[in-house]
């Protein structure tokens, strides 16, 4: 135990006197603050966009309610179909950013954040208006400077900068034989040095991150602890890499080169390679092909309907229905079209699901990917949430269609009371908390496994510590 | 205290140490003389457990080094040719660290200073950062560590190389104090004259073999030099003119 | 001090440094690794480009077939049904995909609307996609400078390098010659790398050989060469200035981190904060607002259309719409389309002006990072930048406008009053209108290229000045 304590104390002294520790903490704080500021701006933009969409919905409802209350009469009803017919519902489904959204943009810009829900809208078009953004592609291409970037790519560099010479300097200066001639095992000595780095380098960085998040987000302690835990594990992974490199490098320059090569391999090349593998094994479906297939299906359906006009569905006992029969015919066409759309989309869905499974599985290729995935989940900016939103929005569409069909069957018009009671509203439920927790734990396990693997190699190397004295 | 039995080390086909039998009792100083590559450093590394012997054994205070290297090092203080310290720490802090690693209990400021002063460290230098230390001062820290650890055996590898005559003389004075305290000392050196002055026994090594051992009192410095050159000349005579 | 020898030592220094470089095993491995990565990414990108081009041709064919299967249809309904235009792949995108992954390759062309491009490569991904974008350009812009850092940080600062330097000074070399000698030797290595990359790039873009293509590729490689030379000059200066090899390595790595990683990421974000662009919802709302209420917000659409109706009736000398010799709805669609297109064009012009302001600001960041000058130059010559995309969008918009107006014209001229189920052969109406997008001509690229080139030359010149100053320091320490 005394070896541990004396080494930690000595290393702490050395780190502080080296004059780099405090500037490193400060540099990390500046990076986190800048990234958080960026994140806040993005979240604000998103929230404004979502509010604007909901405001648009509310304005439409208010306008229609006003029309019903003040303008609609028995004679001019046919001009106010938008206000009167449930088939003209103009609703919105939105996906608001999460409490920790400042962590990362994640996949939020690769998926629609809202849907236009109206009973007769084709289900494959409800996201069209919210798919393309107006962000400068140069900004997107440069990569978002968010906290995830700082944590996934820059934090390792800071940890490596502070620990690349864990033992290499001693070896370079010829201190290693004298140091190791003391009655202390090399493994214990190196682990103590690494522990000092963990306590005085990694823990403070994690604390800075949590502090910045606490000041700039509305996340609760549980979420903050999850972020802290993941990032701590990740920092320890890179510390383990530095330790392993120092068991081979004989000079500080060699150790720096080895650590940088490790960073390049694990944070840049390996993930890019993994993505290449995913592209080969499970390429994404061709969206142009999908669009053309749907259009061809729409043409086919239209031709079918021309040959077999749909019979009118009239409410029983109603000679002059409130709602025109054309809308009932349209409802039947829409229901038929829905079946055709789902059939047409099925093969593309299967292909895309296979791709998602590959992308998900390949996060085991590198702890960097696992951390990015974990951060996206904690920020509610992950692909699973976005896809689940699309599923829920589609479900909401079907629900609204069912309501509209009920109104059609009852030949019932909307009233002011209906507007006052509140029209159907979309509420996003999200994935079950249990599933989310499992995925987060999986990410943590990938990082922990990576660290354990490095430590295992280090252990094997330390079984023959003689080379450390050369 | 320090004992080797047919200690042999091969690096591939090259024999670095060939059947070394050595016995250094407490209170004795054994000086190994020899050219570079004679096997002096290999012997030291084997005694430290940095290398495993190809055959034979090395013992420190009865402990087989190969089986219990940590136990052996508990009893040894090694002094390399270049004593490197952590430049950011003072001499006192360096001593505290190394003594702590060695398990020396009760390392109060008073005791640490006492050890350093005993080793001849000027008081003004004790609280200065080691980055400004000369080689001699760094060596004094190592000697202070030896005092603190009350090491039973000292392994010294060219300890006076690069020291000025005064520092060298001071070092040898301290070495004799350690000997008088009962330490067994193995010193690898090129300094024939100093070896003659401090050693109990002198060993001449060449090509991994201990050619002869000579009680230091049985030869003068001049005679020792002659013997050394004769042994080395057997090599130079074999070289082409 | 000068020796008695009359032979200037510069050639000797160059030869010595060159030999030392070639024998440095660490660098050999790194250099081969970077080249292998370049080759791998080039040929993978080439293969992918061929696949995408085949897909584009297939999609174009299928889209045409879908349009034709409409047969007899309401032309206005057909205008809403719309068409799709697919962006051709730029040959040099193989080297620098630029903004391609973040720009859609497909545009939906429909009546009343000007859509942005859709189906970006970054859509529908997962966490792993954040690590995408490992292109030849990344290797050339980020990894090669890193290789230069590792090759040169010890050129003056390492122990062995210092010893060699004192020997050279002993032979009569001045510090300026020492610096020049090293710069020449390392510069030759950089040019060798450039030559190898040039050969690889030519092979990867073989199908696109043309004078314009070769000229663009040549200019692009020249840009990369200047960029690498700038890095070389700066890192040699750092090596000469540093007290030891460790601080030289950290200094050079720090420069690389700032210039090749941080500034290229932070500068566009800062530029966006300075010149923010509206979200899609706000943009669309702005267009709709102007459509409904006029450009000043006080000219409601109803009033404008009432005025148009009155003017039309007066022009044809009739009192009722049904008395017009043409279909009024068709005329209104035509007029409305013209107005809406003009409104969209104005809003998009403003948006692209904002983008351009952001680009100018990021170009200013080239004061801190030469990559901020190279990146836009490389994307410009590869025709994967915003200007090239806008060029495509303008051609697509012209095609859209012609197609939609042809359909509106058909209604105007052929739909009879009271004919509610009017249908026409929409394919025949639009058969003569073809979409054949062309890339920007090479000479249109040159005016946008000279500023980045000037900035890169300034960096090389600045680097040379730094080397000169650092050489004086070497002289001082000698």
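Read from first to last, the chains carry the letters A, B and C; within each, the first residue is number 1.
The rule we apply is simple: a contact is a pair of C-beta atoms (placed from the backbone, for glycine too) under 8 Å apart; a residue touches a chain by one contact, two chains touch by 3 or more.
None of these values were measured; they are calculated from a predicted model.
Under the stated contact rule, the graph of chain-to-chain touches is a line, running from one end chain to the other without closing. Comparing the chain pairs A-C and A-B, the larger number of C-beta pairs in contact belongs to A-C. Look at where the CA atoms of subunit B average out and do the same for subunit C: the two points lie 67 Å apart. Mean C-alpha position of subunit A lies 27 Å from that of subunit C. Centroid to centroid, with C-alpha atoms defining each point, subunit A and subunit B lie 62 Å apart.
On the side of subunit C, the complex with subunit A involves touching residues 26, 37, 44, 55-56, 58-59, 62-63, 65-66, 69-70, 81, 84, 86, 98-99, 101-104, 106, 115-120, 122-134, 143, 146, 150, 154, 245-246, 249-250, 253, 257, 261, 264-269, 271-273, 277-285, 351, 354-355, 358-359, 362, 386, 389. Contact residues on subunit A toward subunit B in their complex (touch as defined above): 2-3, 6-7, 10, 13-14, 17-18, 170, 173-175, 177-185, 189, 466, 469. Contact residues on subunit A toward subunit C in their complex (touch as defined above): 34, 38, 41, 45, 48-49, 52-53, 56, 106-107, 109-111, 129-145, 148-149, 152-153, 157, 252-253, 256-257, 260, 264, 268-269, 271-272, 274-276, 278, 284, 286-289, 291-292, 295-296, 298-299, 352, 356, 359-360, 362-363, 368-369, 372-373, 376, 382-383. If you check the complex, the residues on subunit B that touch subunit A are 45, 48, 50-52, 70-71, 73-74, 76-80, 82-86, 88-89, 93, 96-98, 100-103, 142, 155.
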